[in-house]
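Paired with subunit B in one complex and with subunit C in the other, subunit A is shared by the two complexes that follow.
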Partner chain A sequence: MRQAAEDIVLDIRGQICPACLMITLRELNSNKEKLKNEKARLVVKTDHRDATRTIPSAAFAMGYRVSVLQRDKYYEIAMEYEK
Partner chain B sequence: MYRSDFCMAGVFRDAYLFRDYHRMKAFFLLVCLLALFLYLIRHFNLISTYPPSFFGTPSAADLCGGFIFGIGMVLGGGCLLSTLYKLGSGHTVSAITFCGVLFGGFVSAAFYPMFRSFAASTVLLGDKTALEHIVGSAGVPVLVTSVLAASLALRWARKGGWSQPAYARGYLPLWKASFIMAFVIALVVAFSGRPLAVGMGYAKLSGIVGGLFLPSLTGKLEFFHTEAPRLLYGRIMDGGAGPAFDSVALTQFSLMAGVVGGSFISSFKLGEFRITRMPPGRQAFSAFLGGMLMAAGALMAGGCNLWHLIGGVPLFALQSMVFALGIAGGSFLGAVFIRRAVIR
Partner chain C sequence: MSGLEEIEKTDPRLGNERLKRYIREKVNHLLSVMGTKPLSREELDDNTLLELDPIGIIALSFEQILEHQKDTNERLTVAKDQLQAVFDAVGVCISIIDEDMRIVNCNEKQKEMLVSANTEVIGRHCYEIYCGKDSPSLDCPAVETLATGRPVFIREVKKKNKHFQIVTSPMKDAEGRVTGAIEVSMDVTEKKKAEELMRQAEKLTAIGLLAGGIAHELNNPLGNILGYATLLLKDGESGLGPGQKEKLEIIVEQAKKGSEIIRGLLDFSRQSVPAFQDILINDIIMKTVRTLQNRLACQGIKVDTALADGLIVRADPRKIELVFLNLMLNSIQAFEGMDRKGKAISVRAVREGGLIQVKVADNGPGIPEDILSNIFDPFFTTKPVGKGAGLGLSICSGVIREHKGSIHAASEPGKGTEFTVSLPAGVKG
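This part shows the complex of A and B:
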């Protein structure tokens, strides 16, 4: 798969539950064109464990390929549109 | 709870906001398992009095208390119990919610006589305290619940509704957490004779903290002098919101400390513990306000979500069932507030 040119980084560490999923969904929608043209990928930084269940599931249902990595005491969830 | 993020605020909130029913299914499984286990405990005479004397007659105060609690737990980002495990893993926003509960507990204590007379004047079903007083049998509700739960569980299993992948280290699936929690809670009830609770523990803590800063005002509040005999581990012990080392301090403080300590160890071992940054102002205000509302709701309804939802509801206590209706409505309103005013 072609590497997206730009990372849209969304750092939502420390925010109240359920901000992670709500903000991620909003960003996926507002950057839809860029993401669907594979010009960018959305990278979410979160310290909510549950976000590693809810965000991948929602993003996958919207047609995105998702990868999750544990970084230094937080999780990084990357979403790229899959044609 | 930490590993699965088993948050009761999320049970209703996720269903309303995202149509995500995973937590609701796990919660339903937990309640049904507990109903079955507690019935067996009763069958073997491990609960000495039944229907349990610690649940009273339902009233409009339980409905209103549940409603206020429901709004509060969504705005606070977690219920009274999940606030503790999130606090233990270093979440600053949960520390704010915790402070809100303590402050709310102190403020609500001033209204305690009003809450009590409201409850006494709005009794809903006469002297009936449990569903068996209405249906005439203790076994029928358990049987109906068990059959319903088993058929739904199988249906969800066929559709793959129990498994949703999560990528956090050491993640415990919600349904497994339900089994573990049901087993542990049933064991505690069997030995102690009482369901678990933390609401009065929070209230006691707010009285202790209030006593340090405002000793004369705290001394004047009737709520912080309420001590009543309780049956615990086969012995009669006093318990209440006063500063005494009593049954509430013994059971609820130890549970609170255990949840905070357990999640600290778990998050530390998983490499996730850290004091998180401050949330945005709106969210911090929401967390504090949510904590205050949870304290007020619990005081009005005579117990927290833990006491009612996984204590009284599995015992088919009418007071708790009315509280559950209130919490479902309040969570809906809380979800509307959080979507429109808090997370922008």
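This part shows the complex of A and C:
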């Protein structure tokens, strides 16, 4: 898979589920074309542990490849469309 | 008018409350489908909830999920079709069987090789469909794989008169339990036939050389025996006692038989170069019939001939005559000891494309299936000792091969035997 050109970063630190999921889904929907053409990937920064389960699960069902990285005091969830 | 509309009309504030409660309830339901917990009022108050439009977000997300599933389904269908095409196009037979040895799937090649037309195979036992048996064979590689969970590499197995080289591999579930086996088999019947022919040809060459050498060495002393015995008979006609004359006659007769065997051996070893010429096959056939006329009449055998006109082959007439003589003698000898009416030999000759085909058939006792493949072997005979050396048909086979033709035998015990000789047509044949 080729590397997406742009990172759309969504910082939702301080928010808890299900708002985290809602906001992430809203971003996935509004950037759908860009993401599906592999021009961008969505990177979500969250400090809510539950979101590392709910977001990847929903994004995977929508066809995105998901990776979760643990940073210093938050998690970074990256989503790329998988053709 | 719905209940909600009625409330809104009478008390708009109450209507809004119900509407928000309804939205929150439906959002929570959708969130539970998405695998997350419900919204709490502390987290999102009603105004923020309405602003966020969670139903709209989830609806669009579901649209993406459906698009992805549709896309996945299409890709799976394409992949499945491609896989099926490969599965069917490979030149080997592939079968997937479950732990009870029932067929789960098999490719077209497998069906083509071992399954009769219009036979449903899925769910049936593989040994029943592929081997025509009611239980698996002892050497079945699939049985071994299912029992041990290990693959079996290249085992040769005979199924429905065909030879296969088989490899079986186990199929296992997540716990490592054997759930079935994949059987890949290759038809090696033709390869085995070719190997057998090669062995036969090598054997024939060796026997031919040996027989030719021995025949050559025996020919001279036998000629002397025959010559001197004949001279003694002639010179001593008046002086020989009755017993002596009879004994000399036996010597001459036996020496002549010996000479015949030697001639046969020399023919078999093909030490005489064929003299090819364009000949009418019908002339040869009729000459053979005339030669055997007395024997045929003595045994009450009727000969039917159906010979197309103008069939020319490029052949050595003496050798081809020997072939038809041997074939017809074989038929005559097959009738020996048979006390029945309607004994008949038929000879048919036709042109088949670039070949002249002659069929010599009899309605004699036939040849048992288990020895049919051996009848062209040198020294193979079913006749009693002294009645034949078992060289006749191997000589025929050698002569026909020398003429770049073919000879085949078909037989049905109790109904008769048919030999088919095919020779390349001559210039005007």
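Everything that follows uses one rule, which is that the second predicted complex is superposed on the first by the 81 of 83 C-alpha atoms of A that agree within 3 Å, B and C clash if a C-alpha of one lies under 4 Å from a C-alpha of the other, contacts with A are read in each partner's own complex, and residues count from 1 in each chain.
Simple rule for what comes next: contacts are C-beta pairs under 8 Å (C-beta built on N, C-alpha and C of every residue); 3 or more make two chains touch, one makes a residue touch a chain.
On a predicted model such as this, the values are computed, not experimentally measured, just so you know.
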Subunit C versus subunit B on the shared subunit A, clash or fit after superposition: clash
Contacts of A:R49 with subunit B and subunit C, given as first, second, both or neither: first
More subunit A residues in contact - subunit B or subunit C: B
Partner chain(s) touched by A:N29 [first = subunit B, second = subunit C, both, neither]: second
First, second, both or neither for A:V9, with subunit B first and subunit C second: neither
Subunit B versus subunit C as contact partner of A:P18, first or second or both or neither: both
First (subunit B), second (subunit C), both or neither touched by A:S57: both
Subunit C-contacting residues of subunit A that also contact subunit B: 16-19, 21-23, 50, 53-54, 57-58
Subunit A residues touching subunit B - in the complex, by the definition given at the top: 13-19, 21-23, 47-50, 52-54, 56-58, 68, 70, 73-75, 77
Residue numbers on subunit B that touch subunit A, as the complex places them: 2-3, 5, 7, 9-10, 13-14, 17-18, 20, 22, 77-78, 86, 91-93, 164-169, 171, 271-274, 276-280, 283, 286-287, 338-339, 342-343
Residues of subunit A defined as touching subunit C within the complex: 16-19, 21-23, 25-26, 28-29, 32, 50, 53-54, 57-58, 61-63
Partner subunit A, residues of subunit C touching it in the complex: 31, 34-39, 43-44, 52, 54, 57-58, 60-61, 64-65, 67-68, 71-72
